[in-house]
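Once you've had a glance at the structure underneath, I'll fire off some questions.
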Amino acid sequence: MTASIATSQTILVVGGGISGMSAALEAAECGKQVILVEKSPTLGGRTALLYRYFPKMCHPTCGLEINLKRLKGNRRLRVLTQAEVTSVSGRSGDYKVTLKLSPRYVNENCTACGECAKAVSGQIPNPYDYGLSETKLAYLPHAMAYPQRYVLDSSIIGTADAEKAREACKYGAIDLGMKEETVEIKVGSVIWATGWKPYDAAKIQPYGYDRFANVITSVEFERLADSHGPTGGKLLRPSDGQAAKNIAFIQCAGSRDENHLRHCSRICCMASLKQTQYVREAYGEDCKSSVYYIDIRAIDRFEDFYQKVQQDPTVRFVKSKVASITQNDAGSLILHGVDTEGYHRYAAEHDLVVLAIGMEPESNGIKLPDDMVIDSSGFIEGSKDGGQFAAGAAASPTDVNRSVQSATAAALRAIQVVHRTAATETANG
Amino acid sequence: MSDHNSQAVARYRNNFLKEVEERVEEGEWVKMCMQCGVCAGSCPFGAHWQHSPQKLFMMIRAGKREEVLTSDSMWMCTSCYNCVVRCPRQLPITHIMHGLASYAHRLGIAPKGQPTREFAKIFWDNLAKKGRVNELKLTLSLYFKDGLVSGIKTAMGMQSIGLGMVKAKRLNPMEIFGGHGLKDLKGFHAILAKAREIEDKRKGLT
Amino acid sequence: MAEMKTAAYICAGCGLGDKLDIAQMEKIAQKEGKMQLVRRHDFLCSTEGVELIRKDIATEGVSHVVIAACSRRAKTEAFDFPTVAMSRANLREGVIWVVAEGEAHDEVRQEMANDYLRMGCAELKKMKLPEGNPNKAGNKRILVVGGGMAGMTAALESAETGYEVVLVEKAGQLGGWAARLWRRVPFKQPYDKPQETGAAQLAAKVSGHPKIRVHLNSTLAETSGAPGRFKVQIAQESGAVSEEEVGAIIQASGFSSYDPARLPELGGGLANVIDQAGLEDLASSANGAPIKRSDGREVKSVVFVQCAGQRDDTGTHLSYCSGHCCATSIKQAMYFKDANPDVDTVIMYTDLRVPGMGEDFYRSAQEKGVIFTKGKVAKVESATDGLKVNFRDLILDEDVAIETDLVVLATGQVPNSGVNIDLPDEDEGKAKQVSILNLNYRQGKDLPQLVHGLADSHFICFPYETRRTGIYAAGPVRRPMDMLQATEDAAGAALKAIQAVENADAGRAAHPRVGDLSYPIVRLEGCTQCKRCTVECPFGAIDEDERRFPVFNESRCRRCGTCMGACPVRVISFENYSVDTVGNQIKAVDIPDEFSERPRILILACENDAYPALDMAGLAHHVYSAFVRAIPVRCLGSVNAIWITDALNSGYDGVMMMGCKHGDNYQCHFVKGSELANYRMSKIDDTLKQLGLEVERVASYEVAITDNARVAALINDYVAKIVEIGMSPMKGFG
Amino acid sequence: MAKKEYAFYPGCSSQLKASASNYLTSVSSMCKTLDVKLTEIPDWNCCGASIGYAEGGELPRIAINARNFALAETHLPGQDIVATCAACWLGARESKDRLDASSTLMKETNEALAAAGLHYKAEVKIRHMVEVLIEDFGYDELKKPMKKSLEGVKFAGYVGCQTNRPFGIDGESFENPKYLDKLVETLGGEPVEHYDQKVTCCGGALAFSEPEKSQKQIRDIVESAYDHGAEMIVTPCPLCQANVEVYQSEINKKQGTQFNMPVLYYSQLMTVAYGGSMKDAGLDGQLIRAEKLEVITKK
């Protein structure tokens, strides 16, 4: 790829999750040239790893399918995976962006036939299952992966598996000689849709995520519920594979906490309410979900869903920030705390604890351009020169619906920038 | 010293909250509590008291002055700091508990005969006297605080421990005649007196 | 138009060559499929394979192409030939990856592959390369309805992007609710105090913008037309009517505040019990000085009652949460505290809802000494100097009564969404509703409402999905929201409106079949004026003329094909998707005789969810029966009953319909497709009985895109059931 | 390694013939081996301990701590204050943090100190002995002078409260600090795994006033050590050490348990590992004899 494909009329979207895809598609469908870069080997982001969306209980992959169809049909949109922005210089309407392209070791010839994966034996923790399962060193990220092309994990290079993979491919798709590349492109505007990451649960020490197998995060619970996930969609606890029928959901795990994330992550209340319904779906009346909360933030018409869940006899709500968790010999967990509504002390046993984990900006830890305005939690407000914008969870903790709303708005603002540039360029000659 | 004591406190008004902010150590944090209850669940002595910190904070905001200051609960604080490190609002709860207890004690409305209240006083008096704690005298004054008879009983009950400590050279019976003390005791007392004076003035506790 | 030249390309890669007799298939393509050109390639998606096809198109004049290789969802970049009509025979995900391994299955596997090839050829022959809607409509102006924060923002954002805007506002000035606020909640850091609203500056910008024309004191008397060619009659208060032509519409008609008078138990109607808007008025008059009540007395204590008439589960008041009110009360409590820190401010809430960075604003209020109490208010009544609030403190677990100078009820947002077109005309309430848009559409005057009167999208991933193409709701009419979200929302809606005018201009479809150049073509001479298409179109795209013939407004159409499915006389079609393209595929399948013990089951699968699920079953190598033949359809709503009867008549043993979930939480992206299909199929039982067939021979399933394992199980169970029932007696008659 | 020098703040319990005098003994031996020079802050006073709050109030407590700081700054310039007692360290550090954060408090404190002709300049650092070991030496360095291994002895690392919360040692977690376990491992001993009472409060501050409640805490701490197979408890805190050791007999008497679990200081373990005698390690100061360690000293 060369710099010439992009011009000051091009919009760069950083991040290929729901926000980035939406921003890129909306801009491209307005007739703009768009480059969408994604750090990982596939588009889809975190939503592709969710089982269902609240409050409709519909499947994220359904929207992903539509978006991929939009994307495949749009010639103005160019996707680069395993690509990261390393620097942005210049000014609104005239940026120079340096991209680092990591090698996939698999080229366009790949037909996703899967022979390479069969041939290799080495495994890594599957990042698309949050490490709850293993995947081969040659793998297709997930069933909805785009591009639908295998990837070699870089640790395979120099091993016998690498040769095996190469030999297994009849189509010459495996290129072990691929190297990291750096390219520079010119763009008019940048949309940062770098999304979020789950807060490091091990840091919330009283909950023992790093000590107790059956304390997991809400994003991991999504994988358990998903039929494509590590348990084939069964709600089993990690320690012994037993059915988890009595589950505690701990709200504000990392959020609203000066020791961790100062902000409220917005989505977690609804996510837990949704997840109680996975439990119910799996076990009918023969299960128990307990939601430990400070405030249930089922905002606007999500309240309907909250009221519905409140009617569910398998779900109970405890107004309490759980103080600590201990583990008994059976691997079950004892939650200690006080229900502050009226003051009731409890030591409640549960099969599994799901931490409604907070959203941290994924951009925390990556170097953003100097011109960028960041808030105290690391969320991106935009660039001072008005040519770079944030969309979705990169801008503030948001659910999918609001992320797309935000991405659509960001797309418009980026279009305005390139329009202004075009006007100036025309005026100047 | 306490016109506050005679004032009727209106419910859910600022007055008691303000009083706490001005006069209680770290009292300005009380308003920041969001009632999550993590302190209540974290206290090792939680099961033993009536009002958890979070509840006391709500009571303060609700203007329940009498109930708060006469409560036994903050005297149960073991200074373990579990609540402090877990509080999502980073309230110095341990210190607020100490501050509330101290304030109630200063006002003279803390529960009479509350054992920790008495111990705390004895402890401070002990250290204030010589600048260092005299463990033997501290122990003895504790045993005899309820009078001679019960003191002898307690002391006899703990005799084996005491003897063990003496044998292990970890308790010195001779301390009764003096023990460790500061050289510049005068200066030490002057500091204490001055500090007390400044604080009382600042808090209007004269 | 150039002559049709057909070509079939059969791939032998990805194991196809090992598992299938490609030579046999080449013959089938030639002899049965009547392909003028048949080629085989060992790696068709390679540069070389693709080049081969390109060359044939360029030099051989190939106009119609069958790719017999992998699924239509795979290798789309390679098989991208925009100038030809193309069908894809799915031999990989649809055959070799799902049919059981081993020689025992060689014969059925080959039969399946052969059939898919036959189907591909048969479909192709009925396909035309879509050329785009000839009734292009090129007006690119954008109409914004409503001059509040959302409307003004939408107008300005559209204008700044280069589009002309017409803004219609009912009141005599711009600004809406925002203009009535003393201050607003901060949009960004620091979240320490209320901010200037900026409404007046925005209004001035909008009024002075060269691309924006503002109509004040005006409403819409009638809206007709379609994207790219809307005509709106703008009625002024004075009675004067003017006409504007626009290409798309943004409805930012805002909200009304829930009437506190409906909350007598909370003191609604008493002196000094006001709503949040009322407090804004008091704060504005105080202008930064201590706030006074309407009786002139300075307020020394105030109680905010959250969720007043909201989150109501009794069915009396609003059941939803308005989202902004917690932050608004916090802001308003700061009005008091900032003017005089000694004022007692209590906010009574059950769940304090300040998501995101709102948490900082909450903390700031606490720092200022605002008292937050988790409590439920039972009654507000008059007291000597003010009011008495009786409530239960949920933390202290006791009933309390406190006196206060002023009570502010945080009542909710009621969307100004016009007429609920889903209500029956005889509904009493409907008559009282005042339309916002006054659409002259066959299906009603306003945007369809999702729930609670909100003109929202039903789709999580697509908040601007609308059921009236080219008309987008923004702000609190779409969903309860705060001012920050409303401005974001307005920008998003502006983008969608811009897309709508560009799509209309180019004659192509809008979301979700964006860019689709096919459009519904109707043979009116065959039409029986039955009105099914006009009634069932999920997007209100079809009106009726005076003779009750359907009038298709192509730029409103979303190309789902629901009309095609509905049409009993089959006069509606698309160039590349029609009763014939599918019907031909059905007929192309080779049906073994009654004694073969090899049933044939037709699957009609929604192309967005069920078909990808089948694909992913293949990817995961879930084995299913080789007796099924799957055809993707745009939506189950497009399934015409003739396909079912044709299939049964020609000897199929069963039909499986796989569509999206329907009902309240429907997942159909064309709204009613799967529901309509379900309804239509419920009527097919009679037909089956007439044919002397068991009702089980047609079955409907709700299949989600994640159902890869389940879909395989469903097929196997169904095939087992058909084997149990026995072969269709219709074989050999078709 | 060059000699390291610190201003030593032993605290009341570590004085001669006080309840933690054996702690002092072992610390001295350990420091000798590590070539650490501890110079007592001249005429230091009590930190006020947390229990001092009721009568002491806020400023007097801070002021007496500041007195120690001022003395150290004057007499031992440039040296960090090192406390061995958890409560002294915490009391001092909290006072320092509070002074650093508030200019009002600083002003008032110096006003009080002036009554004794002292002035606090806010230069000195306050550290715990364990911090010195881990940060200034590190586990590898601490291993070097070892002469004997504590092999075969199982220790429950009982961290308790005040070295752990609210500041913690070396950025370790509050719920599962590992420094004692790592120290034990360094010395060749075996830390018991999953000791779940590691950071439980011993109730020490209320041992006198609420004996039953605090003895319940001690019971849990000792019981769990037994349950996890520990032979000894090791701790960094004199108050924890005294409470957990001293009250075992009391609990046995009242509740019929048969607790006889030695409770030691990390410094005693180190002294033994560094080849010190029973006396050097203060093992003669145990109420419950640590026989297995005594055996090692005699090897």
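Some points to look at:
Order as written gives the chain letters A, B, C and D; numbering starts at 1 within each chain.
Simple rule for what comes next: a contact is a pair of C-beta atoms (placed from the backbone, for glycine too) under 8 Å apart; a residue touches a chain by one contact, two chains touch by 3 or more.
Fair warning: this is a prediction, and the values are worked out from it, not measured in the lab.
Separation of chain A from chain D in touch steps, taking the shortest path, is 1. At the centre of the protein atoms shown, by the Cα-centroid criterion, sits A. The greater number of contacting C-beta pairs, out of the two interfaces B-C and B-D, is seen for B-D. One finds 65 Å separating the Cα centroids of chain C and chain D.
Taking each chain's centre as the mean of its C-alpha atoms, chain B lies 23 Å from chain D.
With each centre defined as the average position of its C-alpha atoms, the distance from chain A to chain B rounds to 50 Å.
Multi-chain contact residues of chain C, defined as those touching 2 or more other chains: 352, 374, 395.
Shared interface positions of chain B, defined as residues touching 2 or more other chains, are 34-35, 54-55, 82, 85, 89. Chain D has residues 174 in contact with two or more other chains.
Contact between chains, as defined at the top, is found for A-B, A-C, A-D, B-C, B-D.
Across the complex, chain C meets chain A through its residues 13-15, 43, 45-46, 70, 74-78, 157, 160-162, 188-189, 311, 313, 319-323, 349, 351-360, 374, 394-395, 397, 451-452, 454, 456, 458-464, 479-481, 485, 488-489, 491-492, 494-496, 498-499, 502, 511-512, 514-515, 608-609, 612, 616, 619-620, 660-661, 665, 667, 669, 704-710. The residues of chain B lying in touch with chain A in their complex are 34-42, 46-47, 52, 54-55, 82, 85-86, 88-90.
Within the complex formed with chain B, the residues of chain D that make contact are 12-13, 15-22, 43, 45-46, 48-60, 62-64, 67, 108-109, 111-118, 161-162, 165-166, 174, 200-201, 203-206, 208-210, 213-214, 217, 242, 246-247, 249-250, 284-287.
On the side of chain A, the complex with chain B involves touching residues 206, 252, 256-260, 294, 319-324, 336-340, 343, 345. Against chain A, in their complex, chain D makes its touches with residues 173-176, 194, 196.
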